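Each chain carries a letter (A, B, C and D) given by its place in the written order, and its residues are counted from 1.
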Amino acid sequence: MDGSDIVLEVKDLVTTVKMGGHEVRLVDRVSFTLRRGRTTAIVGESGSGKTMTALSLLRLLEPPVRVAGGTVRYLGRDLLALTERQMAEVRGARIAMVFQDPLASLNPVLRIGFQIAETLRAHRKMTRAEAERRAVELLRHVGVPDADARAMDYPHHFSGGMRQRVLIASAISCGPEVIIADEPTTALDVTVQAKILHLLDDLRQEAEASLLLITHDLGVVAAMADDVAVMYAGRVIEQADVDTLFHAPRHPYTRALLACAINLEDDRNTALEPIAGAPPDPRRRPSGCPFHPRCPDAIPDCRRIDPPLEAVSAQQSVACIVAQRAMADA
Amino acid sequence: MGHRMAVPLLIRVAIGAALAIIQPTATPQAQAAGTLIWGMPSETDTMDPHATGGWTTYQITYQIFEGLAKEDLTKGDVPTPPLVPGLAASWEISPDGLQYTFKLRPGVTFHDGTPFDAAAVKFNFERFWDKSSPNYYPKAASFVVAYAKWIKGMEVLDPMTVRVILTAPNYEWLRQGLQSYGQPLMVSPAAVKAYGNEGIALHPIGTGPFRFVERQQGVRTVLERNPDYWGRKAQLDRVIFRPLQDPATRVNALSNGEVQMISTPPWDEIQGLVDDGFKLSTNPNVPYINYLYLNMKQDVFKDVRVRRAVNMAIDREGIAREIYRKTGRPEFGLLSPGTDAYDPGFRSYKYDPDAAKKLFAEAGYPNGFKVVFEIPQVGTGELVESWIQRDLKKVGIDVELRKFEWVTYMGRWAGGMGQDIGMNEIGWGMSTPAWINIVARCDTMAPDGQNSGYYCNKEVDALLSQALTTRDPAAAKALYQKANRIIMDDAAYVPIVDDLQPIMLSPKVHGFVNPPEDWFDLSTVSVD
Amino acid sequence: MRGFLLRRLAALVPVLIGVSVVIFLLMHLAPGDVTTTLLGPQATEADRVALRRTLGLDQPVPAQYARWVARIAEGDLGTSVATSRPVAALIVPRFLNTALLAAASLALAMAIGYGAGLLAALRPRSVLDRVLTGVTLLFGSTPPFWLGLVLVLFFALRLRWLPVSGMTDMAGEGGVLDVARHLVLPTVTTALGPAAIITRLVRSSVLEAIGRPHVRVARAKGLGRGALLRRHVILNALPPIMTITGLQLGYLLGGALFSEVVFAWPGLGSLLYDSITARDTPVVQATTLLIALLFVLVNVLVDLVNAALDPRLKES
Amino acid sequence: MVPPDTAHAGVGEGERSDGVGAPAIPPASGRRWRIAAFARDRAAFAAALFLVLVAGAALLAPLLSPYDPAAADNLLRYAPPGTAGHLLGTDAQGRDMLSRLLWGGRVSLVVGIVPVMVASATGLALGLLAGTAGGWTDQVIMRLLDVVFAFPMVLLAIAIAGVLRPGVWTEVISITVVLIPYVGRLARTATLLVASMPFIEAARAAGATRTALLLRYVTPGVLPPLLVYATTLVGLMIVVGSGLSFLGLGVQPPASDWGAMVSEGRIVLRRAPHATVLPGIVIVAVSLAFSFLGDGLRDALDPRSRRR
């Protein structure tokens, strides 16, 4: 995988929040890359900083939360260095985002058609009529029945699933190269989840865009992702292509996560093993490796050394001294 | 089809407009030549002289209407306003005092051009007196009752002569027709026929030195000079009467040149205004005594020693000096100033709290008693009422002040004090000594008169009745003063202070006369 | 929308009836009746009884109320007892004066309130926020009649810029500029109370709207700051703001009494105050009904505006 | 001035807000009164302290005030602050300003607090009833509240003064009657919001009786915004009370309250400014303190709003 197909490269991203006088790190030196036409998933428990990472890419943070370091290169340009006006031109046009809670993500007092046309007119020279017509086509394209009439309705006339389709239509309206989807289906019921995920995947392939999928559901990762980054306590603790990760997880946390997931293929009715303890509070993060208090393989060094993310093979990197040492010996 | 937002536009417009207005225009209002603007303490009620009772209203109607006889209010240094011919050039009173023959003034017309003659006089008398006449107006009759109840008959001798026959001799009868509560002034019959009894109040047509222009209720009432007036013509082009209830606003309007004259200025602001160059005008004989009634039906006040003690316990001089300053004078009797019967030297009780305490003890109240003192919202004011409360507290009398809104108070005062009420107060008087009848006779006890404290002394009634029928003013004066002495010996009333009717005038006002009456003749006034 | 309007108007009727009944009873319970003002204290009891009969005051209260409502239905507001003038002729000019003062005060209050509230909300917890909120709160806590007098002392008596009393220059010919000059101080005095209230609400309403998820989504769509603020923040913040503005207008109709007394502004409030003290029942009733009617109509208007702004309201 | 922003007590969350700005309902969990949060909010804490001082001074007026408030010394009328023996000077009748402020405080605080408490209790009851009963009861209560709502406050006070007598009770009654609809509406909106929350359905499913539901579940949800609103109202009602004194409808001599002192002194503002400025400042300070206290309470009770 040479560098030419890299669309988005995030290096040592740090995002902090000002709490009681000192800066607390929510995202701690996160790095990953997005390749053209591929889906990268960021997975982790809630509070691991994955949503914060996504919001940092598009600089959608409000005080007291802010991006404190690192670079986000998109087609060679560092987004963090852009002015607010330049960033506005990127948002929605080049990098679009779909959010988690469809119920609250649409403006309740504006018509659906208008809210999609609004995105088009923000980036394209279009008359209102043209934008509205395009909006209806987009609605039809994302599977909203009777799009012509429904465009004139208001958000509260739509179900959760339908609203997510509207948000997706709005996101893809300007043909973005990158779509960030922050837990797009978590708030939906299971039957609708699959449809939305398929829709996202089809649209991504159609536009040859790359998808950054934020989720805590390993099932979704398995179904959708090409590459995966596992986050814990604000850091990426393991990164690999999806097959390597599922079949040869190196980091104890990743293995624990996989153990929690129901594996239909496996006929043994093994009991699910919950991970003891809970993710650390960002204000009182443990020294050394943040996972060591809950880590079954922890060794004394884990408490001292803060493990960097190191490549252990062409497709896999891990931030765990025990794993790194094991690889070195083998 | 996004929503066009007007909010930011609205903000810009509002701020822009507000700024545009505030640019300074330093000159005070341009002053129309010869216009007097008078800031008054309250709005006046209807301008029908037969059917109104307020002093402030007469301050306007006196300029528009005239009676057969008139009080000359152009003289300030006289004890009582001289009675002079008005629309009657002259009149004769029969020896038995029962017949008044009026020779009417020729060549006088009403403001609407209709002639003034005996027929007009007959129409007016029928309106407020003659129940059998179609022109009879019950409301007028009830207001003009003090004058009309003496009339037995009335006849037109010739187009310019009228005779009135009284039921009994009353040598204050003419003067009683020029007091508050219904004045029998001459209203244009044509106007009454045209606008009706109620409508006349909106179209007051009289014969006076000023004519009615317009009224905006609560804003202003405008009069203009009557060029065809039979007597000395007014100097002012126009007079504007403005109700300004709030005392601070009245003072500020005067300082800012928006009015040239205000009445009832707050006492404590007078010195400040005088220092700023404004003129203070008062009159020592204004018929206006502030006095208290004592409830004779209450056991405690049945004992004359208690009543006398109350009179001794209140420091009248202190109140006049400290609160009224140059606009009030201590009063010791119940004869109204502004009358020839009034004796400024009359004294009754000296301020002597110790003697008062002894008297209370003697009467059986060594450690005092509790008394309820009812007061109106716009009476003498809290300064005087709390002073009286403190003075009585010093001699052991615990006074509870109960304040009522004006109309409610009038009802309770006119209806007579209830059993639980010890004292109430009023500020009143008339430029006729006969006023004392209304407040101190047995047969004018409330609710059939204003004797709100139920004081009754047969000897006083006899003296007052005799005085009314005494033609010779000097003899009548002796009788009134004898009655006054008896009343004050009975100490049924507690006179406090005479209000000298302070008026503040802009230095631009000339020729204003503050007479011994509660209203003024504005025809002598000019404004440069 | 029409159904919505009809329903709201129908709800008015019981309210207005209620108001008219309450004021009718209050005026009848008040001791001292109109005959004392009409006939003066010298009248005998017999005269008073006769007058009460002619005015129909001796009939039972419900009968009097019924007769009064019947006359109102025909549009006859009756004649003022104190000034024997038709009530309508008395009320209409005074109402226009109050309407002018109320409109000017509301405009100023909205200008201050919307401006300060929005600025404060856009920089929460900043120095600007604390200053704006603090100053408007300070003015909101000041007794209006006292504020009026301080303004008079400074702007009128010391700087001689503005007049002290009345609506027009008595001797002058009036005219728009003259009224405008007289309008300034009463408007500022009346407006500062409502301005404080509007500022606080605009601030909290806008802050709440900014925090809503769809605003972040709109930002993610790449919308410019202006469009974002107008269509996604302010539009959602408007309904509660409109409601409170309607309430303040309602207050101004009756509440501007202090300015009317301090500045001798011939409005409805001072007419009401005088006619109650003079027991001029027809005027009191008509004025109260007018103020109450305007107050409820303003609130219906606000509901309509809110329904237009927020479709969910229209359907509820 | 009319009490404000029925909606001010924060605006409801979620989409079900009916646009009239329902009050902020603290999330079902974590509703503990967080004294720590309240204490940290310096302004609210200072306000609370100031109010305790003021209330204490008013209560201890007999001990603290150097003179009898009614004792007048005619030689010392309008003595400016700092005159010997009179720290804050004297008023029109030569009475000691400090003593009158202390004694006046008792009346003014009563005029501020009593109506708000009575109106809050009544308003709460009506609001809860209307909110939970719904249907006809709701409509009748709401229309009754609208009748009082449509009544201009000052008119009601004047009419009541005409029926009773000008005095403190007239002030208290008029202010109470006028406040009930404001509190009633707030309580009803809050009730509707709390009643529609999931934990209520859960409680109902668990077999809670209607009254238990009302008392143990709905009321605790409605109380916080009401308490916040009531606190800010007290300050405003003291200002409104001063307006009634200005119209002569308030407390009667020789007793007095801050409002009466301001309106009496106002007439001679130029000659003796302290007579009206001192009580004016006290009214503004106390009213501000109640507003800050209200804000502090709202933040303490509703942590979500602290973020802003």
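Going forward, a contact is a pair of C-beta atoms (placed from the backbone, for glycine too) under 8 Å apart; a residue touches a chain by one contact, two chains touch by 3 or more.
Note that the structure is predicted; figures quoted are calculated from it, not measured.
*Asks:* Using CA atoms only, can you tell me which chain is the most central one in this structure?
*Replies:* Central by C-alpha mean position: chain C.
*Asks:* What's the farthest chain from subunit B if centres are computed as the mean of the Cα atoms?
*Replies:* A
*Asks:* Name whichever of C-D and B-D has more C-beta pairs touching across its two chains.
*Replies:* C-D
*Asks:* Take the average of all CA coordinates in subunit A, do the same for subunit B, and state the distance between these two points in whole angstrom.
*Replies:* So the centroids are 90 Å from each other.
*Asks:* Whole-Å distance, subunit B centre to subunit D centre, using C-alpha means?
*Replies:* The answer is 44 Å.
*Asks:* Using the average of all C-alpha atoms in each chain as its centre, how far is it in Å between subunit C and subunit D?
*Replies:* 21
*Asks:* Measure off the straight-line distance from the CA centroid of subunit A to the CA centroid of subunit C, and report it in whole Å.
*Replies:* So the centroids are 54 Å from each other.
*Asks:* Out of subunit B, which residues touch more than one other chain, so two or more?
*Replies:* Residues 2, 248, 405, 408 of subunit B touch two or more partner chains.
*Asks:* Of all residues in subunit C, which are in touch with two or more distinct other chains?
*Replies:* Answer for subunit C, listing residues that touch two or more other chains: 30-31, 149, 153, 157, 227, 231, 235, 261, 277, 309-310, 312.
*Asks:* Do you know which subunit A residues sit against two or more other chains?
*Replies:* Answer for subunit A, listing residues that touch two or more other chains: 104, 108, 110, 118, 156.
*Asks:* Quick check on the complex: what are the subunit C residues that touch subunit B?
*Replies:* Result: residues 30-33, 36-45, 47, 50-51, 54, 79, 82-85, 90, 93-94, 107-108, 110-111, 114-115, 149, 152-153, 156-157, 159-167, 169-172, 180-181, 183-184, 227, 230-231, 234-235, 261-264, 266, 270-271, 274, 277-279, 309 of subunit C touch subunit B.
*Asks:* Can you tell me which positions in subunit C touch subunit D when the two form their complex?
*Replies:* Residue list for subunit C touching subunit D: 11, 14-16, 18-19, 22-23, 26-27, 29-31, 124-125, 137-138, 140-146, 149-150, 153, 157, 193-194, 196-197, 200-201, 204-205, 207-208, 211, 239-240, 243-244, 247-248, 250-251, 253-255, 257-258, 261, 269, 272-273, 276-277, 288, 291-292, 295-296, 306, 309-310, 312-313, 316.
*Asks:* So in the complex, the part of subunit B that touches subunit C is made up of which residues?
*Replies:* Contacts found on subunit B: 2-3, 5, 7, 10-11, 14-15, 17-18, 21-22, 24-26, 28-32, 35, 37, 39, 43, 45-46, 53, 138-139, 142-143, 145-146, 181-182, 198-199, 201-202, 216-220, 238, 240, 242-246, 248-249, 252-253, 255-256, 258-259, 405-414, 438, 447-450.
*Asks:* In the complex of these two chains, what residues of subunit B are touching subunit D?
*Replies:* That would be residues 247-248, 251, 266, 268-269, 272, 318, 322, 377, 382-383, 385-387, 389-390, 401-405, 408 of subunit B.
*Asks:* In the complex, go through subunit C and note every residue touching subunit A.
*Replies:* Counting only subunit C, the residues touching subunit A are 212-214, 216-225, 227, 231-232, 235-236, 309-312.
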